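Below, chain A partners chain B and then partners chain C, in two separate complexes.
Let's turn to the complex of A and B:
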C-alpha cells in the first residue's frame, strides 16, 4: 500500500500542472474584459488609468509570457494577487478554505451518521411505514434544490419563528475566537470558550444539515439497498442457522459489508461538497471558498480563478487517494496496485 | 453463549445512548445560544452589499469606499447636506480671482490616529499620490499642475486652467489626507512613477493612516469591515465605540436581519418591503431623494446606430419611453424623472425640461425622420441591480414602451465583463447603465456625459465634440455663484438637446434602521455620514 500511495502522490504535481494549465487558458479564452473589475465601468474610457492598470496587473504581456510568469511564481508558492480583493490569492484561500471545510466536514458527518442510521432502519423495516417515510425523505433530500430549502428554512426558522440563529458563522456582535485552525467550533473549544462554541455550532447546524441533504438521501438509499442485498447472502443464513440473533447479524456482519460502497461515495463527495458549497454559502452568508469562486469568476479575476481550480484539484485528488486507501483497509480483498 | 456478550452489547447501547444525549445536549445548548463574549452595544452594525475595490483611499472608488474613507480619513473641507463647504482639516481656504490657485490653511489641532500632527506636507503628498497612482479617483486631479506645502500649515494648489470646481472636489472622500510618513514606511509613494512603484495597497487592507473618528480594526473581504473609535481623535468624540459594515448581499436578507436585530441599519432595502418596515414599531424608515440615476445611452456613431444620427430619432426614443410605467415596474413608483445627465438637486438642474411620454409626438418625429414604419435597434446592457433597480426589468419595460411607437429593441443582457470588452471598442448602439456622484460639483457630469474633449460618452457615442459645450465648461470653471449656476443650466440644456444620455429614473432611497438609531441619512460625499448617526438615549 505504501508503494501505491507514494506513486499516486508523485503523480499529483503532474495532474495539478494539467489543471492549472487548463484553468489558465480557459479563463483567458472568454471574450470579456477583466479591466471592468479592476478599473470599473467609469474608468474604462480613461486611457491613463487603463494603461496603468494593464501594466500593473501584467495584462500587457503576451499570453505565453503571462503563463510563464504564473508558473514561475507558482513554483515558489506564489499564486498571484487577486484583481478583485487585492490580496495574495494564497492568503484569500487560506482565509476562506477553513470556513468551507468546517461546513463540508459537518455536512459529511451528518450525512454519513444519519444516512447510515436511516438506511439500517429502512432495511430492518422493509415494507413498513418507517421504510416508506425514509425512502420518501431520501428522495426529497436528493431532489430538492438546496437554495430553495435554504431559503425556506431561513424564512421559517430564523425570520418567522426566530429559533434559528442569523446567517453567518457567528451571531452579531460576537467576537470570533483566536485563529488557530480557522474552524470556529474547534478554535472556540481550544480557547476554552463554551458559549462561543455553542454559538458557532448553532450557526453551523442549519447550513450543514441542508448541505448534507443530497448526500444524506443517497447514503440512506445506498445503505438500505446494500443491507437488503447482503441479507440474502449465504453467510447471513449460516450465521442465523448457528443461532446468532438477527440484530447481531445485521449490525456485525451485514452493515460492515454494506458500508463499503459508502466509503467510495464519501471520497467522491468531499470534493463535490466543497466545490458545490456556493449556494449554501451565499444564502447563509458563509464567507467560504464557494462564494470566492463565484465572485472571482464573475469578475474574471484570473489569478483567483486559477487558484480556486488548483485547490479544488488538490481536494479531489486527495479525496480519491484517501478513498482508495480506506477501501483497501475496510475490505482486505481489495488489493491496491 | 457467554455472559460477556450481553454486557458488551449493553455497554455499546449505553455508549450510543450517551452519544445521542451529548449530541442532543450540544445542539440544544447551541440553539439556546447563551452569552458568548460580545462587542459593546455602543457599536453599530450596518448591513449592505459591499462593493469595495480597495481600502487604499487613493485607489478606491465605490459607495462602500465613501463610507470607509470618510470614517477613517478626513478631507480639508466637508460638504454639508445643503451643499455648502465647511472646515474640517482646513480652518480656512481661498481661491484666487480666476480660480487657478487655491490656498488651504490647516487647523493646528488636527492630528492623525498615531498622534502625529496633520501637516501641509501630508495634504500635498496625499493629493499628488491620487494623481500619480493613476488609480480610479485620479481624474479628481485632472488639470492640477502643482501641489505645494509652503509651510507646515499651508498648502497651495495650482491649476493649469480655471477650476472653480476644485474646492467641491476636495470634499470628496477620496481626497482624504493620509499620514504620509506612516504610509511611506509601508511602501506608499507619491512620486511621479507611483503607478509602477507604489506597493502599499495590501498594507492598506490591514491598516489605516488617517485622522478620522475611526481606525481600521479588521477587514475580511466578503464578510465585514470593522472600525474602532480613534482614541486620539482631535475633534468631537465619535458616537460609536465601533462600526461594523457587514456584507449582506440580498435586500430580503437585510430586512430579515434588521427585523431580528442582527444589524442596526440596512442600506439596500427593497421598496417591496417598505410596507412591512413601516408596520414594524421596532424599526424606523424614511424615503428620501438620491443623486443616483439610471440612464439609456444612445451611440449614433457605432455600427447599428446609424438611424440614431438623426437627432429626431433620438428625441422620438426619449418621448417614446413611458417613464411612469418603468418607474412603477422597477421601483414601485419610488423614483423621479430626470432631465439629462445632471441629477435632480445638483447645481444647474432646476430649470431643465423633464421628459414626458408622448407616443403620438414620437411617432410623428420618426415619420419626419424617414421612419414611418418604425425601426429596430440592438440594446446590449450589463445585468445588474443598482439602487433597487434590476436592469432586466428596466429594459423590458422600456422595450414595451418603445414597441408602441414602432421601435423594436432587441435586448441582449450580458455580464459586466463582457459588456466592458466592447463598450469602448466597437460600442453598442443602445445600452443602459447607472451613475452615482463622486463629489458635489456638477462639472463631473459634463466631464462624463457631455460632448466635450475627453468626455467618456462623447467617445463611446462616437459623437463629434461640440465647441459650444467645450467653451461653456471652460467658462463655468472660471465663474462662481449664480453666474456659474446659469452656465451649468445652459450646458444641461445642450446635453438635453444632444439626446445621447436619456435618464430613465432617479431612484429614491430608503433609510431603514432600528428605532433606537437616530440620524440615518444619505450623504453626497460620504454615502452614510456616521457623524450624524447616534443611538437614542
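Let's turn to the complex of A and C:
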C-alpha cells in the first residue's frame, strides 16, 4: 500500500506538467489581448503604457520563451502574478481555496449521508410509494441543471419566503473569524463564536445542498441498486440461515458491501464538484476558486487561469488516490499494485 | 427407529413469475429420523433445493408454500412466526449451502462470520465467541486456525471455504443439518475429505443430515435413505442400497444408467490402423507472472510444464486433472489463445508455435473450442442463428443465403430444430445451449475441436445425450477432440487416450482401460479412490 501510494504520488508532478502545458497553450490560443485587463481600458490608447506593460509582464517574448519562464518559476513554487489582482496567483488561490473546499466538502458529506440514507430507504421499500418518490427525486437531482435549481432556490427560500440567508459566505457586516483553516464554520467554532458559526453554517447549507444534488441523485440510485443486488446474494441467505433477523443481516452484511462502490463514485465526482463550483459560486457570490476562475478567464488572466487548472488537477488526482486507498482498506480483495 | 425429527408431508411450493405461478414442489413428503442421513437426489429443476429451502423457511421472495406441512421435532414450522424461526435457524437447523465461493461475505473475516452464529443466538460474546469459532475452524481441519480466523474468504481455497461453511452450519450442534450440494463445486479428492469430515462431525454430534445432491452414487454412498425427486415430485424413496440396486421408478433407472461411472463401458471404438497425428505438442510450458510478498516481487508461476502429447486424427484425447492442474492452460495453448513460454505446437506436421496474422486466422478455422459454461459462452443479445453464423461471417464463407442454409444444417447436425435459430439463449435449456455452442464450433468444418469441461455443467441425462452426440459427430465427420475434464468416468467413456495432469505436468498416460484398471501413479490411484461408487465404504 505504501509503495503504491508513493508511486502514485511520484506520478503527480508528471501529470501536473501535462495539465499546465495544456492549460498554458490553450488559454493563449485565444485571439484576444489580455492587456486590457492589465492596464485598464483607459490606458489602452497610450502606447507608452502599453509597451511598458507588455515588457513588464513578459508578453513581448515568444510563446515558447514565456512557457519556459513559467515552468522554471513553477518549479520554484511561483505561479506568477495575476494580471487582474496584481498579486501572486499562489496567494490568490490560497485565499480562495478554503472557501471552495468548505463548500465542496459539505456538499460531499450531504451527498454521501443523504444519498446512502435515501438509497437504503428506497431499497427497503422497493416498489412502494417511498421508493417511487425517492427515485423521481434522484432522477431530478442528477438531471436538473444546478444554475437553474440555484436560482429557483434563491428565489423561493431567500427572496419569497425569506427563510434562507442571502448569498455570500456570511451576512452583511459580519466580520469573518480569525483565519486558521479558512473554513468559516471551523474557524468560528475554534474562536468559540457560536453566533458566527450559525451564520456561516446557514449560509453554507443551501449552496452546498445544491452543489451536492447531482452526486446525491447518483448516490441514491447506486446505493438502491447495490442494496437490492446484495440482498439477493448467496451469503445473505447463508446469514439468514444462521438465525439472523432481516434487519441484522442488513446492518451487518448488506450495507457495507452495498456502499463500497459509492467510494469509487466519490473519487470520480471530485472533479465534478470542482466544475460545479464555478456555477454555484457565481450564483451564491461565494468568493472561492470558482468565481476566481470565472473572473480570470473573462479578463484572459493567463497566470490565474493556469493556476486554477493546476489546483483543480491536484484536487482531482488526490481525490482519486484517496479513493483507491479507501477502497483497498474496505475491500480486502483489492490489492494495490 | 425413534420418532421422526423432520416430517415433510405433501409439501407444495409455488413461485410467482411473469407467466403466472410455477409449482416447483408438488406434494412432496419425506421423513428424517434423529441422527439419520437422508439424501434428496434429482436433476436441476427437480425442486430438491426448493424443498429444503421451504423447510428452513428461506424461500426466495417470490416463492410461497401452497400446501402441506413441515413438522420439526413435533412443531409445525410453517405456523411459526418469523421471529420464532430465527431461533430455530442456525441453532436447531444448520445449513451448509452449495457454492463456497458466494456463500461467505467477501468483506468480512472468515472467523467473524462463524463467531456470528454464537453472538446471534446469545451463546457467547466477544472473546468467548472468537475462541469457540477458532476451535471450530480447528475441528473442521483448518490448520493454524488462530491466524486463519482473521483472514478473508478470498484467502481460502474452495475446499477450505466449504469447511468454513460446515463449521458455521454445525456451530451450535443443531439437531438437523441441511447440506445443499455441499461438495458439487469441489474437486473429487477434496470432495471426499470434506464429506468424510462432515460425516464424522455429524456422527459425533448426533446430527441428522438432509443431503441434497444431483449425484446418485454420492447419495447412495453417504446416506441411509434416498429420496429421488423429479419435477417437484418424489418419484422413489427407500434405503440407499435398494434404490441403487433395484430401483422401481423408470426415472431412477434412467438416472442410474445415464450416470457415468467407472464401470460404464467405453462409447468409442479404437481407430483403424495408426492415424497420423493432427496435433503434436512437445515440451509445452506456460509461465504467468505473479506478484507476491509485501514488495510485490514478480515470481513466475508455472501453470503448465513440459507437456507433451499428440492427438491422432479422428480420435479423442482426454486430459484429466483437478482445478489448478493446468489442463485448461494446455487447452488455451492448443487453441492458440495463449502463447506458450516454451515448447512446440505442430498442426498437421507444421509448426504453428509462432504464427500470427493470416496464418493464425487460417489455423482458427481448423481448430475450434467449446467451453464449459453454456450460459456464459453465448452472447445473450445474439439469437442462436446469429451465434452459429458468426464464424461464417468472420471468415466470409459463402453468400448470405448459403450461410443461412448452413446454420440450419448445423443445428440439425446437433439435433436441434432449425426453427430455434430465431430464439435467444435464455429461451433454451442448458443442454440445448451446449448443442448450440457445439454447432458454432462446427460451423467452419474444423478438424479439431477442443472441449474444455464441455459437459461438466450439465445434468447427467443431458450429459449422456451430448456425449452420444460428440461420438456420432466424430464418426460422421472424422473430427479429432481434445477433451478436458475433471470427471474420470466421463473421460473413460469417451476418450481413446487419457493423460492425467497435476501441478502443470502430465503424470501418467495411457488408454482408459490401462489407466483406470491399472493406475501406476499414486495420484491417479487417489483420484480413482475418491470417486463415489454408490456403496458405503466398509466401516
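Operating definition for what follows: the second predicted complex is superposed on the first by the 332 of 337 C-alpha atoms of A that agree within 3 Å, B and C clash if a C-alpha of one lies under 4 Å from a C-alpha of the other, contacts with A are read in each partner's own complex, and residues count from 1 in each chain.
The rule is short, and it goes like this: a contact is a pair of C-beta atoms (placed from the backbone, for glycine too) under 8 Å apart; a residue touches a chain by one contact, two chains touch by 3 or more.
The structure displayed is predicted, hence computed values, not measured ones.
**Student:** Considering only touches as defined above, state whether A:256 meets chain B (first), chain C (second), both or neither.
**Tutor:** In the superposition, A:256 touches chain C alone.
**Student:** Check the residue A:41 against both partner chains and state whether it touches chain B (first), chain C (second), both, or neither.
**Tutor:** First partner only.
**Student:** Looking only at chain A, is it chain B or chain C that touches more of its residues?
**Tutor:** B
**Student:** Look at A:330 in the shared chain and tell me whether it touches chain B only, chain C only, both, or neither; answer first, second, both or neither.
**Tutor:** Only chain C is touched by A:330; chain B is not.
**Student:** Contacts for A:237 in the overlay, against chain B (first) and chain C (second): which applies, first, second, both or neither?
**Tutor:** second
**Student:** According to the stated criteria, A:3 is in contact with first (chain B), second (chain C), both, or neither; which is it?
**Tutor:** So A:3 only meets chain C here.
**Student:** Return first, second, both or neither, reflecting whether A:13 touches chain B, chain C, both chains, or no partner chain.
**Tutor:** Neither partner.
**Student:** For A:127 in the superposed arrangement: first (chain B), second (chain C), both or neither?
**Tutor:** After superposition on chain A, A:127 lies in contact with neither partner.
**Student:** Applying the document's contact rule, which stretches of chain A touch chain C when the two form their complex?
**Tutor:** Listed in rising order, the residues of chain A that touch chain C are 3, 233-235, 237-246, 248, 252-253, 256-257, 260, 330-333, 335, 337.
**Student:** Which residues of chain B touch chain A in the complex?
**Tutor:** 26-27, 29-39, 41, 43, 45, 53-54, 56, 61-62, 133-136, 138-139, 195-196, 201-202, 205, 220-223, 246-249, 253, 256-257, 259-263, 382, 415-421, 423-424, 433, 448, 456, 459-460
**Student:** Which residues, counting only chain C, touch chain A once they are in their complex?
**Tutor:** 56, 58, 82-83, 86-91, 94-95, 97-99, 102-108, 113, 116-117, 120-121, 152, 154, 165, 168-169, 291, 295-296
**Student:** In the complex of these two chains, what residues of chain A are touching chain B?
**Tutor:** Residues 30-37, 39-46, 48-49, 51-53, 55-56, 81, 84-88, 92, 95-96, 154-155, 158-159, 162-168, 170-175, 188, 193, 195-196, 198-199, 201-202, 205, 282, 285, 287, 291-292, 295, 298-300.
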